[in-house]
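Naming follows writing order (A, B, C and D), and every chain is counted from residue 1.
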Amino acid sequence: MSVDIKDAVKRIENQIIGWRREFHQYPEAAWTEFRTADRVIKVLNSFGYEVQYGSEVVKEAAMMGVPSQENLDKNSKRAVEEGADSAVIGRMAGGKTGVVGTLRTGRPGPVVALRFDMDANEVQEKTDANHRPWQEGFASLHAGVMHACGHDGHTAIGLGLAKILQEKKAKLCGTVKLIFQPAEEGVRGAKAMVEAGVADDVDYLFGMHLGFLAGGSERFICGTNGFLATTKFDAYFQGVPAHAGAAPQEGRNALLAAANAAVNLHAIPRHAAGVSRINVGVLEAGSGRNVIADRAVLKLETRGETSAINCFMQEEALRVIQGAAAMQGVSVTVSEMGGAAGGQSDAVIASYLRLAAEASGLFTSIEDSGNLGASEDFTCFLERVQERGGQGGYAMVGINRAAGHHDGAFDFDEAALGNAVTVLVLAVVNLLQNR
Amino acid sequence: MSVDIKDAVKRIENQIIGWRREFHQYPEAAWTEFRTADRVIKVLNSFGYEVQYGSEVVKEAAMMGVPSQENLDKNSKRAVEEGADSAVIGRMAGGKTGVVGTLRTGRPGPVVALRFDMDANEVQEKTDANHRPWQEGFASLHAGVMHACGHDGHTAIGLGLAKILQEKKAKLCGTVKLIFQPAEEGVRGAKAMVEAGVADDVDYLFGMHLGFLAGGSERFICGTNGFLATTKFDAYFQGVPAHAGAAPQEGRNALLAAANAAVNLHAIPRHAAGVSRINVGVLEAGSGRNVIADRAVLKLETRGETSAINCFMQEEALRVIQGAAAMQGVSVTVSEMGGAAGGQSDAVIASYLRLAAEASGLFTSIEDSGNLGASEDFTCFLERVQERGGQGGYAMVGINRAAGHHDGAFDFDEAALGNAVTVLVLAVVNLLQNR
Amino acid sequence: MSVDIKDAVKRIENQIIGWRREFHQYPEAAWTEFRTADRVIKVLNSFGYEVQYGSEVVKEAAMMGVPSQENLDKNSKRAVEEGADSAVIGRMAGGKTGVVGTLRTGRPGPVVALRFDMDANEVQEKTDANHRPWQEGFASLHAGVMHACGHDGHTAIGLGLAKILQEKKAKLCGTVKLIFQPAEEGVRGAKAMVEAGVADDVDYLFGMHLGFLAGGSERFICGTNGFLATTKFDAYFQGVPAHAGAAPQEGRNALLAAANAAVNLHAIPRHAAGVSRINVGVLEAGSGRNVIADRAVLKLETRGETSAINCFMQEEALRVIQGAAAMQGVSVTVSEMGGAAGGQSDAVIASYLRLAAEASGLFTSIEDSGNLGASEDFTCFLERVQERGGQGGYAMVGINRAAGHHDGAFDFDEAALGNAVTVLVLAVVNLLQNR
Amino acid sequence: MSVDIKDAVKRIENQIIGWRREFHQYPEAAWTEFRTADRVIKVLNSFGYEVQYGSEVVKEAAMMGVPSQENLDKNSKRAVEEGADSAVIGRMAGGKTGVVGTLRTGRPGPVVALRFDMDANEVQEKTDANHRPWQEGFASLHAGVMHACGHDGHTAIGLGLAKILQEKKAKLCGTVKLIFQPAEEGVRGAKAMVEAGVADDVDYLFGMHLGFLAGGSERFICGTNGFLATTKFDAYFQGVPAHAGAAPQEGRNALLAAANAAVNLHAIPRHAAGVSRINVGVLEAGSGRNVIADRAVLKLETRGETSAINCFMQEEALRVIQGAAAMQGVSVTVSEMGGAAGGQSDAVIASYLRLAAEASGLFTSIEDSGNLGASEDFTCFLERVQERGGQGGYAMVGINRAAGHHDGAFDFDEAALGNAVTVLVLAVVNLLQNR
């Protein structure tokens, strides 16, 4: 079986690499993945998948950190100019760029879902002779946007997987769902797909990331842990301006509210049950030197080793922000800009991944667990699946890379794409084999 | 007339000095002036004044900064041991030590009131050969309590005035009220007498202080201004303790609430309409090094050139305190511990005082106005009288003194006592002369 | 004499109004008054004045709040396109746009200086039919820049005065210096001219402002007081960035340094000797939500009723800023961006102005003194002149105006221009009359 | 062998219990263990141990958190009154109450040390019929001091161990050192004994605690981990007082320095390498409401999962404190009041303890490792021994107890005393057996 599948993957390897390079050339930041989503839709349709997108799979009210309408308009127009279908793009209005492809075998069996993220980073790609995408002509065509985190590869892997599973459909039972998520950067997109019900029928859930671990393409992590739950939010303070010389007593000082909030947010107590984090990364306040500042904004994030710890941090943060506003007599509005749950990969999923990785013969270092030590909104899907009694897990697939993630010089050896497809196909086939 | 009155004062000068020395020996801090009040009552009765005291002239609900019941009990017991009448003391329960003596002429005319303060300071009197009270045997018998602000003299002046006015009664019309106030230190006592209605029928109001100005007994200020309105208050924060190592997240940190409040209280904006002040003089918080502090207290005061400015400061202060508590999720209780209004002496009163001072021939430097630059709760009476259309004013009577006010070496040349009685009698007689 | 002068002014009134309208059409913000200065130079030359400008009268090292080189380049190029002499502009490199015109009578006598400011505001002028400059075609041609404070009028008055004094030269003794100062807005320019020595030989100094007082053109203030000393400065904090999730302990938090500084700057104690002010009007810190902020800037100002009080505030502010930086282990650089001294008009100058105003018959309300209650860097010249034993003063000339100063609808009845020229000429002639 | 030893322990069990009860009756707080140390010295002498105490085993310069001289004098006098030898007490001047007893076998072999702590808590012992020490007449005779942490038991165990080992001396090689440490509460005492060189020749080090784990006397932990490194310190701020109304600008505000420090200490960043803690447990500042506060004290502690993390916290804390002082222009002095290292029990020691615990047959639940989650200055000895290449470990011996540690109702079933002696003897004999 594994030999057969490896051969199948080998046959389409160039196509997978081609997809990756196309996505790399047309990188799209969070909620503007119009061209990418259009391309995913076309390919999935060509493979005979049922395809859903737009408001069917993305709940608008749950989208976080969405760009301005002006930005969305500019990018949807751009996507059409770059070949996307304008009717399809029209159904993604407001940035609802998520896509779900479903393969129904017609035979009873569980629902297996795999989730891939599609968005790029707001990073300027390096332009020098040593940077392979530049040298080989597939560097970003979009100034200030770049696939520097490997999501171009993730999307291509998802399409490769779609192709092989469709070829093997006759030998499978149950259902396969391929979830293509927008806006993973800033952990903004998963919630809106979960709220649209995308994970509500899933029995087994897989997620993955290329790299994010030391070493090279010889490593494979079967069960990733250490997802930090996180919430991103902005606080807008509104006070009253006044002339600082002539009538300071008439002002309501938003700058001081924000300053006090910032210091006291960092002073939220450590939580004894595990890792917690807080950061006010941005504070902008005031207009002129001689005016009592009437407006201020804080951009902050909380994190926790578990969702409960992050929840504690978030509640404390809201209280501090509101207290600081009250202290200065100013009003404050808090907007959630992103968020992910904590989570643990289930052992069942890790064991399927171990079997597949071993069977593939592609890795010399296969490890049961690994620590992400960061945030990933895959956990929003995971939480929903686990709540309903399903199982989920997340793999890390080693890569030989040119530079760190989010660096303008990031690139990776594309052999890893086939490796990932191979292992995921083996795991799915093992789960859904029509015996 | 003035010669006649100067002679009358001269005749009782030794008695006035005797009263002052007696009060000096038995100094009593705010709200514990039991022995002093008992003595004042006895003397006023002996002169035929109508005498009111206790709840008739002090409204318990408006008393501020009252000592503990234990302290009151100890002091009322002491006063009885020192000769006070226990039935009288009984009617002063809770510290209601104010006394009002009224002289009714039976002839129609205005009501003239003069206010004297009776309380001593919590200061240890100096014990050395150069300190006259010590040398001449009338130093304080009460450890840690001393008349270091001249209120012993003020009370004696009030009794001397009572004596002379009673002698001159046949030549007067209208009514004279002598108000003996407790707890001027910390500006705690006036409000409770005003709230009891003591000033509600007053047409002309006089107040005075010995010293409080540079130079010596040659100076007399007819109209004192620059009273800073002030409020004194304590804020008690109540949080939740927790072990700082094992469960810091379970605490609610009262120490941090108080610390934030302190800094932000000092950051209340300056008021462009005039002088403002704020001070957190005391902060005490926490119990043990390894416990999240669950309680804290701030002792603070606001001031303003006018009552309106002080009111602004007080409102801002309350908001800061409540906001700081909210920020840490702790509760807070604020208790008013003292307060005085701002105020200006009326020109009419100053002119009566100028005439009297000139007629007395006792002063070589008579000035229309002077700046106190501090707080005095005489202003509470003044505000009430002025609101009702009456007139009020405050004199400063120069003294030759041994050391600054509130210093353990404070003392003054007792010739100033007769000077003060003379001027006040002349002013009252001029106002109430039965023509 | 005054009739003669009034006639002389009347004859050139249209020219004065023409200058004012030309300056109004070509407004130039602080340190970019290239076209204005070039025009002033040409006119003064045409009247036979000795003219100095550029580094002769502006000390580069003492210029504060200078725009970027790019901004300066753009504006000097623009000025040339608008008709300025490129060689002249070249000598103003770096924004040294100050001009001094000197009229030497050749007869012994005192040096009388008059100072006028030339810069416009960064305000967008109103464009509607009710706004006279718009209606009559002399509104600002420079987007976002407008003479909304009357400095166009001040410069025109200076030129009118130059014309009349030159006509009267034969009747005068001593020397007249007309100082045209850049960058009064933000109190940035005077210091650099004073440091260049412009005021070092001045015996009598005059300054003036159109309006800045209630009422209309019937009012004239002979001696302005209530100049608040002020310092404007920016503080740049430099820390170390770090990932807020992965290694917060490696950061040095500039945002927290700035936030603590802001709160504690506002908590600098009130000064009992007089009015003090402090304001942090702008705080900008950080780059990304998940990065420990490595840079921050504060824009602040201190003020004081006297230079000594402002000096106290400034020293305290520097200490707070440096302490806050030390607390977070970040470095900080403070740049002075503007400043003015406190000051009082001398009675001698006020009396010359009163005589002139009375003689002019142009005002019905002539007042000895008035309170500015704001900052004006005229005080830098005044301080230097007074230090050397000279006398100085500042007049406020009433105007009928359309809207408040610094408002996009500001405009005034130009009759005030001739009024101001008349009074100033009368005062100068009285001082320098060749008897 | 183990049967033999169990019998030996059984024979002296009553004596061990007697010692414990004697120590319980005469509890002595940190650095005042005069009577306890005197008793330990006498008993060790009676068993033929070499005994060192006073400055031989406690380095005065390294003692932390020592009570006042007055307190020491009172307690040493009390100890003599309670039967201690005054010459011995004299050699403990300044609180140097540590004792080391050494048993030399005369045969070559390693040095094995066991450390016991002797100090009591500043806790009031419960006085009711349900509290066994009260009921059976061995409750504390010292008001406000109580053995509520089991150190009375530890000291008794040390003496029991001394007795048995002395009986077995002929069968042993090498050297046994019994270290009786003062002032473990507040982690104040170990450092001074380590600095005196007490651990410099130790090859194997044992420490232990009764209880501190859930469950009862059936449990035995062989290797304790999770010692939090900690530093305790006090910061004294000294400013300049000033009258808050008359001259606030002349003050240097120590209260604000302490308040800012407190907030910012809590805002020290979390350390990504492991658990960190900070707490300002006490803040006391100021004298009077109307005086700029000129003095303040903070009592704080830092903790870390490792000594390196605690070191980071301590350095940050010092910087914050100094920066906060600089910000207000006040001076600050920091005194170290206690401290312990982090640490891990070595596996070798844990394995000897496991063998002994198993051989004893006294426990049904023997666990390799356990987490203390608190601070213990045993780690100071441990660190020194490990630095020199030795091995060390710490056992937790289960107890059936009446209430939690540090509670006035604390008591335990004294059977645990014999259990502890038995296991420790077995472990030492196994290590030093003369084969």
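Please note the rule applied: a contact is a pair of C-beta atoms (placed from the backbone, for glycine too) under 8 Å apart; a residue touches a chain by one contact, two chains touch by 3 or more.
What you see is a predicted model; the values in this text were computed from it and never measured.
A.B. asks: If you check the contacts of chain C and chain D, which chains show up for both?
C.D. replies: For chain C paired with chain D, the chains in contact with each are A, B, in label order.
A.B. asks: Report back the single chain whose CA centre is most distant from the CA centre of chain D.
C.D. replies: C
A.B. asks: When I count C-beta pairs in contact, which pair ends up with more: A-B or A-D?
C.D. replies: Top pair by contacting C-beta pairs is A-B.
A.B. asks: Measure off the straight-line distance from the CA centroid of chain A to the CA centroid of chain C, and report it in whole Å.
C.D. replies: The computed centroid separation for chain A versus chain C comes out at 55 Å.
A.B. asks: Using mean CA coordinates as chain centres, what's the chain A-chain D distance in Å?
C.D. replies: Taking the average C-alpha coordinate of chain A and of chain D, the gap between them is 51 Å.
A.B. asks: How many angstrom lie between the CA centroids of chain A and chain B, rounded to a whole number?
C.D. replies: 70
A.B. asks: Multi-chain contacts in chain C: which residues touch at least two other chains?
C.D. replies: Counting only residues that touch two or more other chains, chain C contributes 245-246, 248, 253, 256, 260, 263-264, 266-267, 269-270, 277, 292.
A.B. asks: Is the way these chains touch best called a line, a ring, a star, complete, or other?
C.D. replies: The chain contacts form a complete graph, every chain touching every other.
A.B. asks: Looking at the complex, which residues from chain D come into contact with chain B?
C.D. replies: Within the complex, chain D touches chain B at residues 228, 230, 232, 244-246, 248, 253, 255-256, 258-260, 262-263, 266, 277, 279-293, 296, 299-301, 303, 337, 373-375.
A.B. asks: Which of the residues in chain A end up touching chain B in this complex?
C.D. replies: Per the touch definition, chain A meets chain B at residues 245-249, 251, 253, 256, 260, 264, 267, 269-273, 292, 312, 316, 319-320, 322-329.
A.B. asks: Would you pull the chain A residues touching chain D in the complex into a rising list?
C.D. replies: Residue positions touching the partner: 263-264, 266-267, 269-270, 275-278.
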